[in-house]
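Letters A, B, C, D and E mark the chains as written, and numbering starts fresh at 1 in each.
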Amino acid sequence: AGGEQQSSSTPAQGGAASADTIKVGILHSLSGTMAISEVSVKDAEMMAIEEINAAGGVLGKKIEPVIEDGASDWPTFAEKAKKLLQNDKVATVFGCWTSASRKAVLPVFEENNGLLWYPVQYEGMESSPNIFYSGAAPNQQIVPAVEWLLQNKGKKFFLLGSDYVFPRTANKIIKAQLEAMGGELVAEEYTPLGHTDYSTIVNKIKSAKPDVVFNTLNGDSNVAFFKQLKDAGITAGDLTTLSVSVAEEEIRGIGADNIQGHLVSWNYYQTTDTPENKEFVEKYKAKYGADRVTDDPIEAAYIQVYLWAEAVKKAGSTDIEKVKEAAKGLEFKAPEGLVKIEGENQHLWKPVRIGEVQSDGLIKEIWSTGEAVRPDPYLKTYDWAKGLSNE
Amino acid sequence: METYLLQIFNGISVSSILMLAALGLAVTFGLMKIINMAHGELIMTGAYATYIIQGVFKPLDGSAVFGLYFILAIPGAFLITAAVGYLLEISVIKRLYGRPLDSLLATWGVSLVLQQLARSIFGAPNVDVKSPAWLNGGLVLTEGLQLPYKRLFIIFLAALCILGVYWFLYRTAWGRRIRAVMQNRSMAQSLGINTRMIDSITFALGSGLAGVAGCALTLLGSIGPTLGTGYIVDTFMVVVLGGAGSIIGTVAGAGSIGIGNTAFEFLTNASLGKVIVFLVVIMFLQWKPQGFFTISSRALDE
Amino acid sequence: MENTNIGYNGLLTKKNIPIAIVILLLCLAPLLLSDFRINLLGKFVAYAILALGIDLIWGYTGILSLGHGVYFGLGAYCMAMYLKLEASGGKLPDFMSWSGQNSLPWFWKPFANAPFAVVMSMLLPCVLAFIIGYLTFKNRIRGVYFSILTQALSIIFVVLFVGQQAYTGGTNGITNFKTILGFPIASASTKLGIYYVAVALLLGAYVFCRFITARRTGRVLIAIRDGENRARFSGYNPAVYKVFVYCISAALAGLAGAVFVPQVGIISPAEMGIVPSVEMVIWVAIGGRGTMIGAIIGAILVNSLKSGISESFPDIWSYFIGAAFIAVVIFMPSGLVGVFRSAKAKLGNLRLFKAEKA
Amino acid sequence: MEKVLEIKDLTVSFDGFKAVNSLNTSVRAGDIHFFIGPNGAGKTTLLDAICGRVRPASGGIFLKNGSDVTRLSEHQIVELGIGRKFQVPSVFNGITIYENMELAAEKKRSIYSTLFSKLTKEQVERISEVLNTIGLYEKRYRTPRALSHGEKQWLEIGMLLVQQPRIMLLDEPVAGMGRQETDKTGRLLKEISSQCSVVVVEHDMEFVRECADTVTVLHEGALLDEGSMEDVQKNPRVIEVYLGRGGE
Amino acid sequence: MDGEVSEVLSVESMSASYGDSSVIRDISIKSGKGQVVCILGRNGVGKTTLLKGIMGLVKTPSGSISLDSTELWRLPTYKRASLGIGYVPQGRDIFPQLTVYENLLLGLERNKNRGGIDEEIYELFPVLKAMLKRKGGDLSGGQQQQLAIARALASRPGLLLLDEPTEGIQPSIIQEIGRVIKKLKSRQSMAMVIVEQYLDFVLEVSDYFYVMDKGAVVMEGETQDADPHKIQQKIAI
């Protein structure tokens, strides 16, 4: 079980930042439905903080994390964000997972001129001056995946997603892309978050006979979907599915044998072959247990703490404006490879990788861009994406 | 054609899952009048119990014996969850008889605690229960019509549980005692029935049934701390639609909601399907305010 | 049970000391607490308004609604629509454009008008409550059947609001407001202003509810709670009374939602769901149902506790809150107010004698 | 005397079992009209039908003005002036005894009037008077929860007294009362019968003899005999199925 | 009291209360085998409370209750019942959703080795036999009262507590119940305590009587020596 550590490192709260520490906020769902994903992300951030502190901290000061529980509830996220910024006066916040929670805290960060580091891939169409996005923008995950599928797997797409903003927006992008690139949409289905019976959906997939199921389901639903897909006698050999919200952590819950052979698209896998990653995986397992796995959001959460620390060091201050300025163009040798902060939109340059799930639950990279891709949250560089954003 | 046949099968399958999930509630809520908001967490307990039992068998993974863990897991989940229910009864529930609305609040607290407990013990992420090999695959009727063994097994298990509970409640002296205690505790006492014991046993029984449901659910979905939350409204709906206090009603309620859900989901989409089914249930209740199987009473109140 | 003989006296009696203290404390709070805490307290005041409504239907009339989040949410959405339109300054709200909506839907348009939005925030819940209440109470759906039905209602609304992303903002809900009536919503003085408005509305809602419960109407409601059929045979039509209080309660919930939104800055469909709806009932139970002041105290206290504990123990706060719920129900069946009263009664203050003299 | 209530060919059945079977009878103004008969004869069911608690399978129950109460809902029937006391005492436990009386005394039972109107001075006086009569004046600020069985009976009768219906239906009003109280009830009934008709179901023959103007004997849902008490108690069938040969 | 009969029930200086409000103070009553003891008193004096106290259904802060010289005071209700008390409560307390037959079977609970319902019970209350399959709650008031008595008799208890057993019962059956009580009495196997308002009935069946007022015994004596008018007067005050 994870998460015992931070209780010892959660300091007494309330007072002003003491002279020899720098307070940072950590804001994730530690209870409620999103806790299944966010707790590990929090763990990764805590690990990074401990490492940095062990190496002497930043600006000669130790980082002091203030943890808050967003409880899978968006107004609670907003409340806790306010608390971190106004009460604790934290230098920065690492937090959120769902786009909804990010949208909820966004005005709080803008009003209070705070800084949020957001570690999860998302639907794009956003670029707040108060947020750094360390997960993938659509052009670093979805767009290349669709392109690869069209080239390698077939033209008929079945879009399956959870009913909320990320899948809906992602599918809007995919549909535009399919149209531009000669793909065909056979069906688009949404299920409520937390939906657990996919027999009907599987039946619909069967009768629609797509070449590809592009899966933007989130959370628990993936477990039900893949288990039930397999029970219906459909294997990865019969039908390709590509998921963008299923990483190693989720695969543990699904059961490797149920999803073996299916595809995913991310920027990082536990198997990613870099020296930095080898070290990262080792440290993570040493700290949280050999049975734990690392994955893309965990890695993004981990590196964003380092990116902030580097920026602070470079700026020589925790002042938001100075940190933002210093962060522009900042490069970091991350487990996923060399990443760089794009000053224009505060997203990361990231490599894109398509992988296949193995029988041991890990993911084997089968295709990659090799080098980091420039983030393009509004898809401005794609002609077919013209109508998608109103910016 | 096959699509439609399969869809009918799906309807029955979903009904059987609902039935299994609601059966325990039919006892604790229908019979005992405890609005048990922790029912979902008892289901979760059953799922984690299955996970634990599987863990014990883990060294045998790969051998044929491993698959047998599931046969043990069903009674195991029943007993473990019944034990949790028993503890709950003697610590909390026993103080709430005759205060159904208060029971809602206390069990809500219980559900918060149980969820957090699961998170502390098993970690926040989902865990995986590997289904036994003998339940993999399906009964192939025609090329496009394959009925998964897991779903067939759940239908069988649900039927077995229903029959068992029906027999126990309506055909045995224990069942008679249970029903008597639930209807009039002080009179039952006055007739020499140890109502404290009956209460505990009944609640444990209802909890144990939730555990069996949890065990079955490991075959189909995720096992995490919030596993049960998704079932709470559906199961209450099943019991209420069928008529609280009636086991046959629970079957009917589960059947109509399950089949309705899959049918409307097939015709529209999952969200709309749910909305339509719930709307239909609401409208149905206007017509039959006490559900399918009404228990009439001459008494002035209730 | 509790309110044995309120209402024989006017409103200016010693019965009103507790509410006077509560309101006074709320008014003085800004002198003692930080802006952030006041903002939080303002949110709890909104919850207290809602709790009054729940107490009216549950504590007095015995109707347990597990779907009051819907009414709260509707009120909140009405207000949010106004704020969003003001924030987008005539342009299409941001979420609509990224959801593929090209023009403002007709039903959004009137919400640019603040008074309209405020009125609708109460009227809309009231109308919905009337429809639901009229049908169900006329058809004699009672007790847990009603409770479960309202749960279904709540699910329906959540799913619909989530599904209609282009009109409602989907799961995200509506957020990112800028001004209210032209004042910057983030500024400390605006926030303080809103806070005082909330406190004033709470007082107003309290007086209104007390008016109802102190009249014979209040007695009829309790009679319906204790024996609906008996009330019928005494010549009262329970359906009419139930619809009446249910509508009032929904309107109060809507008002609470409207007060909530500018302070919290977001409303999302999850706030209409089962979890918040159940929690609302819990506030009232903990404060002490059947007493208006109990509802207020419960709402403010439970939420303060929840905020406080979750700040101190972010990982395991559920244990404390869960245990607190259990403990209150078991050891204080009549809530905090009940504990207070029985303590008072034990001090030899036998109200019976006073009543005798009156 | 003029008929205030006419029961025509009334049948009430439960899953085929006819608890009341083609019953024809009527109640006259100012009468104290007793329904007696064996346990299970259908007396309570008959009262239930009159006050709208059960719907008859066929037949009708007509008031003086010709309206058929079997088509009305319970509170409408009360508005037409029919009041009922139940076999198992039922009062409102959550409000005080005094408030129970207030609710019963209310004439217009709309929300508007319970919100805005006050009880008249006469009504208030009447309540005090009745509270004294039923011996609960001292306890009037207590809730009925703490009353004994007999006291609840009295409270329920008291509520009827302030309600002042035109037809009063009493189901076993003296069950569980002592002789003294029974006699008192008898006197009360006679007193109020000057203003309304009283329909009583009772098994206390002394009480029936004391008070009854008319007695209707039911048996298995149907009418067995009707007339004065002297007459019906001589009927051998009545003795056989109801009174018994042991003395009465 | 009569020294010859062996004492079955002996209540000594028992008090009883609901919550904080004390209803019975310091009451003592006795009943022996084959003896019928009657409790009289106006409404609300505490007769029902006395029986509930014996059954353990209300708080009894002080006193002693013994049954065949076993002390009951600390025992839970169900154990008291199992030791041989049959109880017919005021208000009948039939299990409404159970059939008549099931209600009767539950009467056997305290005496689990009794096989079935004695035919005698049906002879006594023929209406029950005709309605075995009907739900208890659907019976008429008087039918329920008969069922309650039958249920209490089913297990042949050593002590029978009857709270206003004739309430709501038709005259012919009241006579019948009177006969049964006498018959049971003649068997000398059972002690009976009856709370009654119906004086004629009491005088006919009982051996000993207590008159209660305000939670205490204000008069007691052998029935045969008693003057009905005196009792009536005592009750009236």
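Going forward, contacts are C-beta pairs under 8 Å (C-beta built on N, C-alpha and C of every residue); 3 or more make two chains touch, one makes a residue touch a chain.
A quick map from chain label to UniProt name: B, C = Urea ABC transporter membrane protein; D, E = Urea ABC transporter ATP-binding protein.
Keep in mind that this is a model prediction, so the values were computed, not measured.
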If you walk touching chains, what's the least steps from subunit A to subunit D?
2
Just tell me the minimum hop count from subunit A to subunit C, counting one hop per pair of touching chains.
1
Starting from the Cα centroid of subunit D, hunt down the chain whose centroid lies farthest away.
A
Farthest chain from subunit C by C-alpha centroid distance is chain E
Centroid spacing, where centroids are CA-atom means, of subunit B and subunit C in whole angstrom
32
Cα-centroid distance, subunit C relative to subunit D, in whole angstrom
43
Per the centroid of Cα atoms for each chain, what is the distance between subunit A and subunit B, given in Å?
35
Rounded to the nearest Å, the gap between Cα centres of subunit B and subunit D is 47
Can you list the subunit D residues in contact with two or more other chains?
86, 88, 90
If you look at subunit E, which of its residues touch at least two other chains?
138
Among the residues of subunit B, which ones contact at least 2 other chains?
115-116, 120, 271, 274, 299-301
Subunit A touches which residues of subunit C in the complex?
34-37, 39-40, 43, 92, 95, 97-100, 159, 162-163, 165, 170-173, 175-177, 186, 264-268, 270-271, 307, 310-312, 314-315, 317-318
Considering only the defined contacts, which subunit E positions touch subunit D in the complex?
18, 21, 42-45, 48, 90-91, 127, 138-143, 145-146, 164, 167-176, 178, 197, 199, 232, 235-236
For the subunit E and subunit B complex, residues of the former touching the latter:
55-57, 76-78, 81-82, 85, 87, 89, 93, 95-98, 102, 105-107, 109-111, 137-138, 151, 155
In the complex formed with subunit B, which residues of subunit A make contact?
1-3, 30-33, 35-40, 163, 189-192, 194-197, 199-201, 203-204, 206-207, 220, 222-224, 227-228, 230-233, 249-250, 252-257
Tell me, which parts of subunit B touch subunit E in their complex?
173, 176-177, 179-180, 183-184, 186-196, 245, 295-299
